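Have a look at this one.
By letter and in written order, the chains are A, B, C and D; residue numbering begins at 1 in each of them.
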Amino acid sequence: MNKVVKDAQEAIAGIKDGMTLMVGGFGLSGIPENCITALVESGIKDLTCISNNAGVDDFGLGLLLQKRQVKKMISSYVGENAEFERQLLAGELEVDLIPQGTLAERCRAGGAGIPAFYVPAGYGTEVADNKEVRVFNGKPHLLEYGMVADFAIVKAWKGDTHGNLIYRNTANNFNQPMATAGKITIAEVEELVPAGTLDPNMIHTPGIYVQRIFQGKNYEKRIERKTER
Amino acid sequence: MALTKEQIAQRIAKELKDGYYVNLGIGIPTLVANYIPEGVEVILQSENGMLGIGPFPLQGEADPDLINAGKQTVTVLPGGSFFDSSASFGMIRGGHVDLTVLGAFEVTDKGDIASWKIPGKMVKGMGGAMDLVASAKNIVVAMQHTSKDGQSKLLKECTLPLTGVACVKKIVSDLAVIDVTDEGFKLLERAPGVTVDDIRKATEGKLIVEGEIPEMQF
Amino acid sequence: MNKVVKDAQEAIAGIKDGMTLMVGGFGLSGIPENCITALVESGIKDLTCISNNAGVDDFGLGLLLQKRQVKKMISSYVGENAEFERQLLAGELEVDLIPQGTLAERCRAGGAGIPAFYVPAGYGTEVADNKEVRVFNGKPHLLEYGMVADFAIVKAWKGDTHGNLIYRNTANNFNQPMATAGKITIAEVEELVPAGTLDPNMIHTPGIYVQRIFQGKNYEKRIERKTER
Amino acid sequence: MALTKEQIAQRIAKELKDGYYVNLGIGIPTLVANYIPEGVEVILQSENGMLGIGPFPLQGEADPDLINAGKQTVTVLPGGSFFDSSASFGMIRGGHVDLTVLGAFEVTDKGDIASWKIPGKMVKGMGGAMDLVASAKNIVVAMQHTSKDGQSKLLKECTLPLTGVACVKKIVSDLAVIDVTDEGFKLLERAPGVTVDDIRKATEGKLIVEGEIPEMQF
């Protein structure tokens, strides 16, 4: 068993034009910086990206948008990216906006073999268009579907050679559910340690979900809104 | 005198009870944390995956791995915890959060809310707002009673795309505190110096005024 | 905010005849021993118990069965309890047997506000009787419902005064999903520490789910099948 | 000569590939762990919430908080992890486990399996078996080819309540290795000294025999 790859270039091998990717992170927190850079350099295009946000103009997934490598975004909030808004209004980009909790649960469900489930979020709104409505306990719910991706790309704080991952603070966010939902899951970590180093009670993502892992480098970890006392 | 944003937040803070788990939205709702009454311990939830939001970090201590749902750097209080987004919305959807405070463009007298989209002008996305309003046990909206050009935002029907239907329980605007009841907007309190008539004029939806309406106390 | 109660007697206050309880544990591992003893002493009866197993004849939920306090068991496997089998065959006990993964997910869904979801487990078997069948991706699935209980009673290794819980090894099992699904959740822990002691990244059950917590005593932690080299 | 239980386990172990995540059921399947081929690293999953099951503990080191799905005390290997039951079955249901080995009372030539209930005689429950068979990518059944009184357990239709339908991919019995194909039971290997005719007599379901059938190698 060998899941360790050298770097982001090696990790993204096999990602092709037109594929669907899940990309972890919330805003710029917990995004897989190394893999995003490698994707930008690769020139792979027509990607469908499932990611809560779309980065900012010049960082995160914004870099892929800038280079027009993204055909479609599936997100809950894209407000920080002006280029995104421009491409969307110009009809150059398809966008599927999904309530954040539904998006997270669709990833979790995809990974957990649950093809569909009911949630109340979005009932009575345009999100409900063309969706099945069903009443449970007197309250209308929408049928939502589990989601999987060709590749899920996540960022963790620590990882081991078996693919076990630990996230740090709010950099966990979508990384944990998305890690379960990739046909192939790539994890980049700040620190890669030998199997047996991490406490088995404190693993956020068990190694079974991770096919490729590497220690990333030069993390910028940009802060979107630095707020101090 | 219409309330300032800070005063709206201050008034909402009086809704907090000891032991409450509270989700505060972006904008005015975030300010509510500054006015938590003495002797009341509330635990703030952030839908990006934490319980126990503390104050903003000290100079030089901002941590890129520790942000709130508005992407601001924050700190974590003792007893806090971190978890993933699906777990976070499980908490919200399951009704474990006692109180949700969020902003709105428009609210109707049936409790419908529009807060996420202005067609042709703004396409930012709903974020977690639809999940929050669909499942919260108790939703308080912090908002301006009218638009800058004087149009009411407390309506019979929303003109903007909805975030959720029949969900808002209470509104604290710059003019009034209002309960959303089965019969319509029920006026509870007036902003200092604001008359019932002022509020009536600023409210397009059905307004119920019963008895003497007290001024808000701060 | 004060969630700490003195002991199991105080913790189970409000549990009444006829209520539905979720009880954590797998076999005898991770069961809330103190609360079970308190329930036996209380004499509360006609209980519906949602628990993966039914204990053994003289330990765990077996003690409640012995005293005929249980009207109905909702479980996946009850094979270790002869008294259970006797009561069942004699028609003295109602039993709802549910595939283990479906049972766990129904608890998780109940806690997460998902009223219903689809799973493949049980299709084509007697478990599918009277259940809605729906095909996703060419495969038939059953509609299953989220479950909540009047009280969920769980056992953790460590807990703090805010109700945050950490489980140990395979004693986690059903405790974590059940903790989310009680209208009132009671946690008994081996060690109760002040809030702020536990690493916020390593919490299995965030305190929001726990209404009452106490440090249990005299844990027997009986082993069902001691197997050594 | 019919295989012993140990030999069935030994033969199944040859199905393991390096890097496989494997769930071994109670009984013969558990014994498979003793025969993992050299140079092959597999990680064992236990549906009560762990990856990386190690050997039974040394004398005096049994831990009541560390058991397998059969409630036996076990150990955890480096790189292992613990998680809750819903996460564990998420793993199973999501198809992340490469191979599942379990026992059976009966299997049909369409891949149906009965393994959990004998009406009027045994009411133990299905445990995780229904979840496992409904979702595993690859299911190998370890079983006796016939009952003690010589009745075939490889049938056209199960006589006992089903655990799952059209799911079994391979059978290793005391007499044979058999693939379950769209056309029926396809005989792959014979136990040493057992003839094709012996197997034919012991198999009620449709048996496909093509060409020379080799003896199993150990």
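We take it that a residue touches a chain if its C-beta (ideal position, glycine included) is under 8 Å from a C-beta of that chain, and two chains touch if they have at least 3 such contacts.
Quick caveat, the model's predicted, so the values are computed rather than measured.
The chains that touch chain A as well as chain C are B, D. With each centre defined as the average position of its C-alpha atoms, the distance from chain B to chain D rounds to 55 Å.
Separation between the centroids of chain B and chain C, computed from CA atoms only, is 36 Å.
Averaged C-alpha coordinates give centres for chain C and chain D that are 29 Å from one another.
Each of the following residues of chain D touches two or more other chains: 50, 76, 82-83, 87, 89-90, 92-93, 135.
Annotation for chain A: residues 105, 108, 112-114, 119-120, 167-169, 172, 200-201 touch two or more other chains.
Shown here, the protein chains touch in an arrangement that is not a line, ring, star or fully connected set.
Shown are all chain pairs that touch, namely A-B, A-C, A-D, B-C, C-D. Residue ranges of chain A in contact with chain B, taken from their complex: 26-30, 52, 75-80, 85, 88-89, 95, 97, 99-105, 107-108, 119-127, 157, 167-177, 204, 221-229.
Put simply, chain C touches chain A in their complex at residues 105, 109, 112-120, 134, 136-137, 139, 141, 145, 166-169, 200-202. Of all residues in chain D, those touching chain C in their complex are 46-50, 55-68, 70-74, 76, 82-90, 92-93, 112, 123-131, 134-135, 161-166. Interface residues of chain C facing chain B in the complex, by the touch rule stated above, are 1-2, 108, 110-114, 160-162, 164, 180, 194-196, 200-201, 203, 206-209. Listing the residues of chain B that touch chain C in their complex gives 18-19, 21, 41, 43, 45, 50-52, 76-83, 87, 89-97, 135.
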